[in-house]
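Chain lettering (A, B and C) follows the sequence in which the chains are written, and residue indices restart at 1 in each chain.
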Amino acid sequence: MKKLAIAGALAASSLGGCAATDATSYPGGAQARGHGAAAVAQVAPGMARYSSEYVDTALWERPGLAPRDRSIVTVSALISRNQLVPLEAQLERALGNGVTPAELSELITHIAFYAGWGNATGAAEVARRVFERHGVRPEQLPAAAGELLPLNEKEEADRAAFVSASFGEVSPGVVENTTRLLFRDAWLRPGLAPRDKSLVTVSSLVAAGQIAQVPVHLNKGMNNGLTQAEASEMLTQLAFYAGWPNVFSALPVFKDVFAKRSRGEAGQR
Amino acid sequence: MKKLAIAGALAASSLGGCAATDATSYPGGAQARGHGAAAVAQVAPGMARYSSEYVDTALWERPGLAPRDRSIVTVSALISRNQLVPLEAQLERALGNGVTPAELSELITHIAFYAGWGNATGAAEVARRVFERHGVRPEQLPAAAGELLPLNEKEEADRAAFVSASFGEVSPGVVENTTRLLFRDAWLRPGLAPRDKSLVTVSSLVAAGQIAQVPVHLNKGMNNGLTQAEASEMLTQLAFYAGWPNVFSALPVFKDVFAKRSRGEAGQR
Amino acid sequence: MKKLAIAGALAASSLGGCAATDATSYPGGAQARGHGAAAVAQVAPGMARYSSEYVDTALWERPGLAPRDRSIVTVSALISRNQLVPLEAQLERALGNGVTPAELSELITHIAFYAGWGNATGAAEVARRVFERHGVRPEQLPAAAGELLPLNEKEEADRAAFVSASFGEVSPGVVENTTRLLFRDAWLRPGLAPRDKSLVTVSSLVAAGQIAQVPVHLNKGMNNGLTQAEASEMLTQLAFYAGWPNVFSALPVFKDVFAKRSRGEAGQR
């Protein structure tokens, strides 16, 4: 796991070593986690037991989805649900699980489109505290602009034509910005792999109960390396962080995507 | 109404006596309520009038749903919508309306599954302040684990079989955890009656706009003693705390459940 | 643009002049905006570039929807999504764009019904700080009660009959309050024009993913002067503040409303 420079007063409280699944072991994690978890322990012993026996521990060690990916899923769900209090501890856990500061930076940039500019702004404020605690330097973060990943022009032309035909007269502004900012820019930023951008997007959609766009984005992710076993385990993780109802709404949608892909009908909208 | 021990500096500001419907009368209520209500009075005189004439007063005195139940509904809606600022005053009102600290503790544990671990953590932080203000002692709260309510094994076997057949291959993790943690554990914790757990769950679903799961949970509640008149008044209460759109989405779903139950088609999914 | 009285310590930090599209130029705007924007600049350079090149600048200068209306849309979306951190800067921008304190007051009163009493309470707290910074006096704000706008009795009788027939037995409380508080009171308050109340309502619905009620409210707004070009640009604005998924859910609904209106089937439910 990456060593992270630790600066400031909080360094004194950091714990040595890194346990891959326990947020308290990460530098700063004890302090960040303490806030919410201490309240839960004091007020809701039942919930505290589920947390200590499973949600904070065994859930993260389940096979099928690596801890690093579980962190991307969890952080995305919390940002989409504007859960800024537990977000801090989960950002600490993400760093400990191997998500780089650069990747967290790109996660916030990407999720701004899917969870909205307000949610991403709130998340940036929490991330700033975490980055300062870890002494993250500006040069560790992705550039504001730069070389982009290659674009599949045919696929993009098809997407743009479909959206333009459907909605070009309803809101030309939305159609233009979707092409210009989202598909010819944001999705092509190199600092977060395409598969990981899809982890962020699908998690955000499920956590916000927006299942209509799940098929296109789940297919996109699976076309870029997300396996069915991993997608299945995203739901196990999201049941806790997005809530059972959102996951039960997503299950039939995931089921349908898996079934179509098995039948060779890949990439359906 | 229960006498609650009051500790700490805030005791000095408590008002004497308890008016069953006014949050300011509860120990600590004036301070907790003051925060949000003072801003509303200063900024939005129209809203302040609706609050003082109805939403904070007459709404709570309507027949059909007891003030204690209205508190469970309101607290659940606010936690589901991550409304931590007004939550504090509503927790005070809940205590004044006869919801015990133990029941509030179990409400948070239960709602963690339905509104997500993040929402419940935020709620626990607010509840901690309220509990400290009232001198709630750890022994007043439910145990982390202990004897569970009896389980209707046939009903649970049917539910598990249905979910497993539908989604066992999509996400075995979700299916397992739903059985193990939710139906064979959380729903059977004794500190909050089954009918009340359903009040929490249905309110959470409506407040989050997740109407797909309302039928099964509304039926579950009504099978455990929630009357149609009470369910009807949940919606009157939720119109203010979940917003009119969520309630208008829920009305046809409640209508259909009521109709099926009248025709003797009880407990439909 | 309106001159606003500035009071208090923050006056010292105000910037001279007013740029119609940049929130930092408004008295207090630099301080309010600095908080969220500085974190974004530090943590997510990609997002910061989109903000400075488009979302905070060019988006607001697009033709089709005036900056004042864009502010009403944006503030409504943020309140509905409980985004209190970026709300402060957007309230400053709204004042700079010509939304009066009285109109912001009525926006909060109106949105209490659509986004819920909790969301509106949180917004009132943020607005209080902004109003204090600008020295807004109580006499500038609308009265708690007073003369109402005229009511189209036939239209209201039709609406009430429809809702009563559909849901009168499901929740008489909701049906009564919808008539008494919402349509015979709140919608008739004079301090915010009917067209603008519809801007608030439709934005709130889209930002909360509640598209089922969009047709009736979009039609209501368009019956009161909202043009199709303006409605189209609401979606361009909301893509950033409500997130792309909510806007993509709204596009087919707006499309259908526009098509029916073109065919002369105005005001469909």
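Heads up, the rule we're going with is that a contact is a pair of C-beta atoms (placed from the backbone, for glycine too) under 8 Å apart; a residue touches a chain by one contact, two chains touch by 3 or more.
A quick note: this is a predicted structure, and the numbers were derived from the prediction, not measured.
J.: State the superposition rotation angle between the two copies chain A and chain C, fitting on C-alpha atoms only and giving a multiple of 5 degrees from 0 to 180.
T.: 120
J.: Could you label the chain A-chain B interface same or different, taking same to mean over half of its residue numbers are used by both chains?
T.: different
J.: Between chain A and chain B, what's the gap in Å when you average each chain's C-alpha atoms?
T.: Taking the mean C-alpha position of each chain, the two centres sit 29 Å apart.
J.: By the touch rule stated above, which residues of chain C touch at least two different other chains?
T.: Where chain C meets two or more other chains at a single residue, that happens at 82, 209.
J.: Which bits of chain B are touching chain A when the two form their complex?
T.: It is residues 82, 104-106, 108-109, 112-122, 124-125, 127-128, 131, 138, 141-145, 166-167, 169-174, 177-178, 181-182, 186, 189, 191, 204-205, 208-210, 212-213 of chain B that touch chain A.
J.: In their complex, what parts of chain C are in touch with chain A?
T.: On the chain C side, the touching residues are 35-37, 39-40, 42-51, 54-55, 62, 64, 77-78, 81-83, 85-87, 207, 209, 232-233, 235-236, 239-249, 251-252, 254-255, 258.
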